[in-house]
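Order of writing sets the labels: A, B, C and D. Residues in every chain begin at 1.
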């Protein structure tokens, strides 16, 4: 009982985490629309000089949000204990990427914050920070892709009458992993759908992450509730 | 018997120390007015003495002497291989330089 | 192959002529690690022949007698651990423990001499980055000293083994001794290459 | 519809992780040695202008190769998970297994994400100030080779676990090979100090000898992990010996029967 109480507390922290995330997304002046990689160094420097405060506050929030994902991912790991697996190896795989995935985004926020820390430095340096931030943010998906793949495999192998997550959640995770693929190649071009502000690398990737969080939150909630119901019956 | 093997270790140690002391004399022969000079003979002798010491340590201290033949052979070949590698590289380097 | 061997091997009183001292696995380490060291030595010797004067000049700042003294100290510690193994084999664990202490003592003495030598050289302006010879000198002596530090952990295991009847196996005692001897003979070669080779 | 045999194999998860490990290391080798040509590493003594040329000569290679890592690099977790599992199977404290898992999981970001990001950013905008380009070049190579603490401590943890283990999960010689590998990580440290010579990040000692040892080490553990999976009996005692192929099915059948 105590254990589930704790899990429910973490679970119901999700809305608060989501608020931070949405706030950060709308507060950052470079997301709507996303900054173009074609901007000159002068324009990038001017952007940080003009929007210093909004960059700072939004990225501080985003920094918090990234790390807040880790407890949520650990809830998924705990759910995986209930799966009909012979070994804990898939849980270890998920733990193996659950730290690195948010930390990659945390690194991106550090570069954004550095860019805004001294906006009046040489424009080429501000552009460097800006590029590092955007590339880390856009391309830094290897751990998320792997997370989705591991979860998909874990769900497919969970062959029992009442699986922890329904089979479609596995298909869904594969789909999300697939949607993240174009973002990995964002370095190849400054324009078009693959560029970091393009349809595939920005919109598809970020919407995919958002949808993944919402859907996983819902199925996670269902699974916790089911366990709780089972516990009450047995008690 | 125990005393015998203890004495044997002592003799091995004496030989090892003696070879180490010989280095002092070898060195003296390749120093001109306090400045060391290049000498192929000293190099070769120093490397060979070192590897002889390695073999004594293996045979006596590490007890390879009483080990199966495979290990006895293997360690000997290994020391030989080290000698070939070190001297080979040294002479190759000399030829290139 | 090795796993099956390990199952059979806690040998104490087998026919000594058929026994690998310390077991096969530690010998894998000794030979592999000496191969790695030999590769470092080859790189050193080759570069030495290419810049002979730089190396000779660097070498002139070393104290040969100190190197010889360090060698003798380490050889003596090796001798002590060899005696330790023989005492343990004969069941004379008190003597064995005394020799283990002697081994560690000479090991510490070597370390102190080595640190003193480093301090002296660094004060004289010879550091890791000061010349090509001293790059190799500090690299080889430091990596050797790291082996020595690991050796102290190994001696700790040896002590722990000797101090309790239930834990004692002759194989582990020999494994520890074999490691210590390998640290000794790595130094023997390093010494010849750094101090004596011309 | 017939179920594939793998689905009924009790070791299916282990095998999946093992094949993913093999796939990951193959991908890694192909990307670093062939596609991006970032191994063997570029020269640390390059002037900024030469660095510009270095980036120009492998522009597409860097972007495509590291793109592949950006997508599939996370599979590295499979080998970490498998090794963590192997330590859990040993008769040692779980602290060893969890230390190993956390060391490698956390170090993925500085250990290989940084080089991918730095090289991608460098190749992405070739017209950048050459000094800044060299800054990225240094960041890439040094973060990749210079995260030596990970392999140093990781190998030592694994070594102690193997040597203490009574379940014979790994042979002791592999425990000692871990020590050899850990010591070569000590040798990488000077690459933070030298711009040229045998101890620089592309030097004979700091790179070539290490890469040979690391290659042997990796090959050995992939092979031994396979043996471990073949020998696994899902018990808690010593692992049985490796049987010849015809015997394996029988043991599995015995295990599966109630």
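Methods note: contacts are C-beta pairs under 8 Å (C-beta built on N, C-alpha and C of every residue); 3 or more make two chains touch, one makes a residue touch a chain.
These numbers come from a predicted model, not from an experiment.
Comparing chain C-alpha centroids with the centroid of the full set of protein C-alpha atoms picks out D as the closest. Interface comparison, B-C versus C-D: the pair with the greater number of contacting C-beta pairs is B-C. A separation of 61 Å divides the Cα centre of chain A from that of chain B. Note on chain placement: the centre of chain B and the centre of chain C lie 15 Å apart, centres being C-alpha means.
Computed from the mean C-alpha positions, the centre of chain C lies at a distance of 30 Å from the centre of chain D. Between chain A and chain C the centroid-to-centroid distance comes to 51 Å (mean Cα coordinates, whole Å). Residue positions of chain D touching 2 or more other chains: none. Under the contact definition stated at the top, the residues of chain C that touch 2 or more other chains are 47. In terms of inter-chain touching, the protein chains here are arranged end to end in an open line. Of all possible chain pairs, those that touch are A-D, B-C, C-D.
On the side of chain C, the complex with chain D involves touching residues 2-4, 6-7, 23-26, 28-29, 32-33, 36, 39-40, 43, 47, 128-129, 132, 135, 139, 143, 146-147, 150. Contact residues on chain C toward chain B in their complex (touch as defined above): 16-21, 27, 31, 34, 38, 41-42, 45-50, 52, 56, 59-60, 64-65, 68, 71-72, 75-76, 78-79, 81-83, 85-86, 90, 174, 177-178, 181-182, 184-185, 188-189, 191-193, 195-198.
Against chain C, in their complex, chain B makes its touches with residues 2, 5-6, 9-10, 12-13, 16-17, 20-21, 23-24, 26-27, 30, 34-40, 42-43, 46-47, 49-51, 53-54, 57-58, 60-64, 66-68, 71, 74-75, 78, 81-82, 85-86, 89-90, 92-94, 96-97. Residues 7, 10-14, 16-17, 60, 63-64, 66-78, 80-82, 84-85, 88, 101-102, 104-106, 108-109, 113, 116-118, 120-121, 123-125, 128-129, 132, 135-136, 234 of chain D touch chain A in their complex.
Of all residues in chain D, only 168, 171-173, 175-177, 179-180, 183-184, 186-187, 190, 193-194, 197-199, 204-205, 209, 213, 241-242 touch chain C in the complex they form.
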